[in-house]
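Below you'll find a set of structures to go through.
Same chain, two partners: chain A is paired with chain B first, then with chain C.
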Partner chain A sequence: MKLSCQKSTMLSSLQLLGPVTAGTTTKPILQAVKLEAIDDKAVLEATDLEVGVRCLVEPVEVQEAGTVVLQEGRLTELLREWPEEKICMETRGSMCLLSGKGGVFKMAGYDPEEFPVIPTFSDEGSVEVSADELEGMIKKVVFACASERVRHTMTGVLFREEGGELRMVATDGRRLAFARGKKSGGGKTTMDGIVPRRGVELLSRIATHQEGNVLLKMDGTHLLAKSGKATLCSQLIEGQYPNYEEAVPKDNDKKVEADAEGLAAAIRRATILTTAERHLIKLKLQKGMIVVEAETPEVGEAMVDVEVKYSGEDLEIGFNPDFLLDALKAIEKGTVQLEFKGPATAAIMKRSHDFLYVVMPIRLAETT
Partner chain B sequence: MRKIIHVDMDAFFASVEELDNPEVRGKAVIVGGGIEGRGVVSSASYEARKYGVKSAMPISRARKLCPHGIFLEVRMERYIEISIQLMRLLKDFTPLVEPVSVDEAFLDVTDIARDFAEAVEIGKQVKKKIKAETGLTASVGVATNKFLAKLASGLKKPDGFVVITDEEKENILKDLPVSEILGVGKVTEKALHAMGISTIGQLWPIPQEELVERFGKLGRVLYYLSRGIDNSPVVTVWEPKSVARSCTFERDIKDLRVIRRQLYDLTEDVVKQLKEMNLRAKTITIKVRYSNFRTITRSITIDTPTDLLSAVWHYADMLLREKVELKDRAIRLIGVSLSSLVQAPSVEQLHLFEEEMRSEEIATIPKGME
Partner chain C sequence: MKKTETEMGKTKEVTSPWPLTPNPCPGRIHLLDPVVAGKIAAGEVIERPTSVVKELVENSIDAGASRIDVELMDGGKGLIKVIDNGVGMSPEDLSMLFLKHATSKISELEDLEAIRTLGFRGEALASIGVVSHTRILSCARGEATGAELEVKGGKRGELKFVGAPEGTLVEVRELFYNVPARRKFLKATPTEMASISEVLTKLALSHPEIHFTLAHNQREVFNLPPSPTVKDRIATFFGQDFAKELLFINSREPTLEVSGYIRPPAQSYGSARMQYTFLNGRYVREVNISHAVQESYRNLLPSGRYPIVFLFLKSEPSLVDVNVHPTKLEVRFREPSKVHGQVLKALKNALTQYTPKISPSLQEAARLTSIIQTQDKTGFPEGLPPSLLQTADTQTSTVKRELQRTPSGPFVQIHRTYIVEETPKGINIVDQHALHEILLYTELKNKILEGQIPVQRLLIPELVELNSNDFFNIIGLQESLARVGAEVEEFGQNTIIVRSLPQMLKDLDIKEFIKDLTERLKEEVEGEHVLDKVLKALACKGAVKSGCRLDPQEIQTLLEKRNSLQAVARCPHGRPTTLFLSVEELDRHFKRRTPKG
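Then we have the complex of A and B:
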């Protein structure tokens, strides 16, 4: 193999793959990337067996087709330090020669035969979603995944195509985020599976570096995604996802409209007077107002009035402030609709049609 | 010297009923379970007691003794509500309150009363405040330890106020029957009678070693309590040992559906009570009394304390169906109790899918029972 390209071209593709190898320690070859030069293009690959990414490197001049597998960490670091110039890469037996204005380096390579195969993507049976829409949806839900293995299926994001739209759901059992997005195109397909968090984050990364559309499909055991430049293949998590539709309360009668940024700012301020052990704020609903309160022994008390649209009964309800802020961050700007029922039942936060969030309160036992 | 106050509400359940229903005030009020059939008396007003009606007596017998009595069903929720109010007002005097049951508590006022006379004064205020805030009367005893304080509150019921000083204690104890000593039941009483001992004073000449030899640990208790010595502390963190409900059927029942239905209702009650007390249970026990009066209990202990109805019902029902011999046997009484209780966290993040996650392992509640 022999090729040459601009340093930045190679580096940007490498950085897209970085997160795949970052987490693996078990097998050295999983910390490596495969670079394959074919005809007039080059392709980089990385996989940790759960998630694999393939990324086009272009433009590139291929002098000789072939494959090399190199340790990702060192290669990326070297390219970062390389001057903004061309780099030439060439196989020499089991070694790879890297040369140009940055110097001459010979790096040990791995046997390309040992590199795991990443499934290829065929457009058939896929749906199209704009990269912006996809990135936006992921941002609205991914934070709500469970980090501990309370229940394995909750560590991923549910992707489901229903009623002609794409849905994503994530929950850690204490709150649940639900996003809806439009398809831009694509034929009939069944999409219903749980994608591991890492797969979802990589998908978001791919969408971020991309204009236009992303193609998505599921084959029963994998999610496959393809953008102009990159392909992603992620295993699906097996098992039954919790019945999220049941978790959305239907009879929350205390409805509030608030400015998302204003409410978030009030909660952030009140949260300063909480501790990690007592990470708790209270929302007091009154006519035309929500009072955000914090009361932490030996730290202090906070009380912030937020003007809202509300004409129902008074209610006092406790929450982990992070759970509220996560949702408000996903909503960003504009009006958030909040719906409550009682102090020990799920509350809803939503923005129009595209985002819905269910959050369980912290039960405050009466002090006796 | 310690200063202990014992508060004992007078005919608590019956008094609450009189409080809530002015038309039955002063009448022979009898509160019990299964009023129509074979339940027992839980509480009787002093008017009813004049006719010989006592707690734990079968309702049928109470009806014979007091045919004009007003028989009312137990309303445990209401009694607990007042009990909480009572305990709160006692805690206004001192945080050292040990609730013994819904209607009974010890207060340790050693540190807040300068001398014994002041402790007596506090005792009077406690009594007055209970009457003012709950509308109910309590009998109050003041003494230097728990045993004597409890004895004192029982001496002039109802509406009593009795003080036992260390100087008076021997005089008071001397002629009381031995059954007044905490821990002396029918068996011990009989054994003592056989020794020619019927009053507390008659215990005094007997050496401790002899009492221990005859009665084991209880012997030591007899030796000290008979002398009015009791060092047991007022324990403020009181955790109830169990929450239980049972029901005697009107007629002996063979039909499993009826039995399950009843067990479900009882389970619902105990779980509700558990939640109100902010507790969780690890042990679920069911009790079955056959028509021949043979009584069995079956229990199961789970790892995670629960207050979920679906979980408790699952185990109660499983015990009934798998651990109780029901074939062709009629049942007189069924009961369920929850024990190994722990405090629910005071501040607790609630969870989505909680019932769903449990129900994965737990059979659903039978149709038509919810």
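Then we have the complex of A and C:
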């Protein structure tokens, strides 16, 4: 293999692969990237067996086709320190040679045959979503995934195409986030699978760093995505995702309209007077007002009035403040609609059509 | 003949008209009223509903039944009904029933030397009849009509001839109605059910050919159709996956045959409860067998873990004495060391031949490891961890970002298991799981003492499927669980639903927690110490596991919390949390300073 290109071109592609190799520590070949030169283009690949990312290096001059697998960390480091704008890389046996004003570097490579194969992307049967839309949806749900240690299927985000729109759901069993997004194009396809959190985060990253729309599809065991020069492949989590529609209450009759930023600020302040062991605030619904309260014996008491639109009955309900703040953060600004029923049943937070959040309350159990 | 005479004489004495009540002179020795004597004797055999179930079902098995149905109300305290399709009894036999030592199973003293049936003393029904209201309906095989007999508090009613299907039905109501002391000490319904379910499990395991059903308060607990093999029966109780991994053992000697199934060492249990040992079709606990089992797994299990085994011993009946204890649980072998040796050998053989199966993902890992090893052999330089290779750009690596968040605090996580921390006089090596466990345990306990605990309700409740004894055990714990914020309810047959959890246990694996709890429980499901068991199980399963990467923030929080609490040197199980190495010890090791003196 022999190729030359701008240093920045190679680095910008490597930047997308960095998070993939950084996730693994035990298997050296998974900390490496594969650089393949074919005809007039070059492709970089990295995988940790769960997710794989492939990125076109462009523009590039290929003098000789071939493949080399190099340690990602060292390669990135070296290129950053390289004094020239243009670089030239070529293989010498199993080594890769980089030389110029920066010196002569021969880097040991891995056997390309040992590098895991990443499935390729074909446009056929994919849906098209704008990068902003995709990124926005991911941001609205990804925080609600379960942590690694609990129920496996809940550690990922459910991607589903339904009713001509794209839906994403994430839950940790205590709260659930649901986002809807418009497709920009694409034909008929079935998309229904659980994407691991890591895959979702990488997808968001690729969508942000590349220009243009994102193409998405599923093949039963993988999510495949393409955006600009980059493609991503993520394994899907096997198993049955909980029936999320069942978790959304249908008869919450106490409806409140509040300013998202104002409510979030009040909750943040009240939360200061809670502890990790008693991470609890109370919302007291009254006519035209929500009182946000915290009461922690060893820390103190807080009471914040927030003006809202509400004309129903009084209600007192406790929550983990983080769960409320997560949703308000996803809503950002504007009006949040809150829907309650009773002190022990799920509450809804939503913004228009695109975001719905269901959260279970916290109560204080008497232990004696 | 002479013997009969003395017995006759004794009977005469008992029935002689002594002034029984009230005893005019409490200090004088007198013969007991036969009813009282009966109640005392009954107490030896019949302790609680479980004993009734066991005796009746054993009778049904001895009667050659191919199907046995057990129906209970209120944990057997209200009703115990056992129906079988065995050989049944003729009206004449039935009329002999409820007489003490009336049995069809042995007749001469020599028979005691070689017992082949489960029951033999003829005490069971007589004893049950004394302390309950019992109705028995039986029809001998091949007969058109059967007979019915009722006994209440030892008083027999009239024998009635009635039509009945072949086999025997026994109904025991109001157990211990006339022994208030005993009735008062009966345990809560779930406790009794757990015990009954355990007894039936043992009987069903040793008789896979019999169709067993158990119903409680008119709901089915289990229904076990006849299984072709013991392994199938094990599978119906403990699940297909469980049975799949069993290792078969077999060893045959002229006087003793040892066969059965054992679980590989990777799957062990928190107590010896999962050691089912049977001798000639009867569940037994025998010290030589238990010792041999434990010994065969020596060095294969971590301490505090017990093997899971299902052992079936067949011995020449004359080589074993089962008439040691009224419950027949204990047996004595003529040649105990021989039994020990044979069991040990049989298990060891199976365990040495066993090689663990590797799952596909592990095979992949193994393949990669071999790649790594070849790389190493070719002299490829071992790379530094990527975290040390990257510089300024924090965007490129998640590892990098976490490193930057590291406060300057002098600690580090090693092997994803221990935290090494600098202290003014040396270093602490902290077991992350043990420390977190004692912290959670202490915090939960404090919250309980304070009287309030924040409880997070679950949006998606967790269903946990259990076997029937564990199911009843957990249901029996409902109140204790609710006190710590875990709302648990019945959800259909042998399934529970968990609706809420203490807020502080964010990463609790509910299934693991319930499983752990059932292992800790054995049979006690009441009292304060049970709450402690619940707390320990919550803390253990809620705590971060070894092998789990912690970010510096989490370590910081853990260490800070430790500093604010007392008594954290040991985890709730008594394992140490921290090893301290002083600078002096380190200096001495590296020969930096010669110790004074």
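The definition used in the following text is that the second predicted complex is superposed on the first by the 355 of 368 C-alpha atoms of A that agree within 3 Å, B and C clash if a C-alpha of one lies under 4 Å from a C-alpha of the other, contacts with A are read in each partner's own complex, and residues count from 1 in each chain.
The criterion applied here is as follows: a residue touches a chain if its C-beta (ideal position, glycine included) is under 8 Å from a C-beta of that chain, and two chains touch if they have at least 3 such contacts.
The structure presented is a predicted model; accordingly, all values stated were derived computationally and were not measured.
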Joint occupancy of chain A by chain B and chain C, clash or fit
clash
Contact-wise, after the overlay, does A:G185 reach chain B, chain C, both or neither (first, second, both, neither)?
neither
Name the contact category of A:I362: first (chain B only), second (chain C only), both, or neither.
both
Under the stated touch criterion, which partner chain does A:G212 make contact with: chain B (first), chain C (second), both, or neither?
neither
Of the two partner chains, chain B (first) and chain C (second), which one does A:Y110 touch, if any: first, second, both, or neither?
second
Between chain B and chain C, whom does A:L280 touch in the aligned arrangement: first, second, both, or neither?
both
For A:R175, is the partner it touches chain B (first), chain C (second), both, or none of the two (neither)?
both
If you count the residues of chain A that each partner touches, which comes out higher, chain B or chain C?
C
Looking at A:P19, would you say it contacts chain B, chain C, both, or neither? Reply first, second, both or neither.
second
Superposed model, chain C segment overlapping chain B, candidates 7-15, 241-249, 457-465 or 583-591:
457-465
Common ground on chain A, meaning residues reached by chain C in one complex and by chain B in the other:
151, 171, 173-176, 242, 247, 278, 280, 318, 320, 344, 346, 358, 360-365, 367-368
Could you please specify the touching residues of chain A with respect to chain C in the complex?
14-15, 18-19, 21-23, 25, 27-31, 49, 71-74, 76-77, 80, 108, 110, 114, 147, 149-151, 154, 171, 173-176, 242, 247, 276-280, 297, 318, 320, 344, 346, 358-368
Quick one: in the complex, what on chain A touches chain B?
151, 171, 173-176, 242-243, 246-247, 278, 280, 318, 320, 344, 346, 358, 360-365, 367-368
Complex contact set, residues of chain C against chain A:
364-365, 368-369, 371-372, 375, 380-387, 389-393, 395-400, 443, 447-460, 462, 482-485, 503-504, 506-510, 544-545, 548, 557
Under the touch definition given earlier, write down the residues of chain B that touch chain A in their complex.
84, 88, 278, 344-353, 356-357
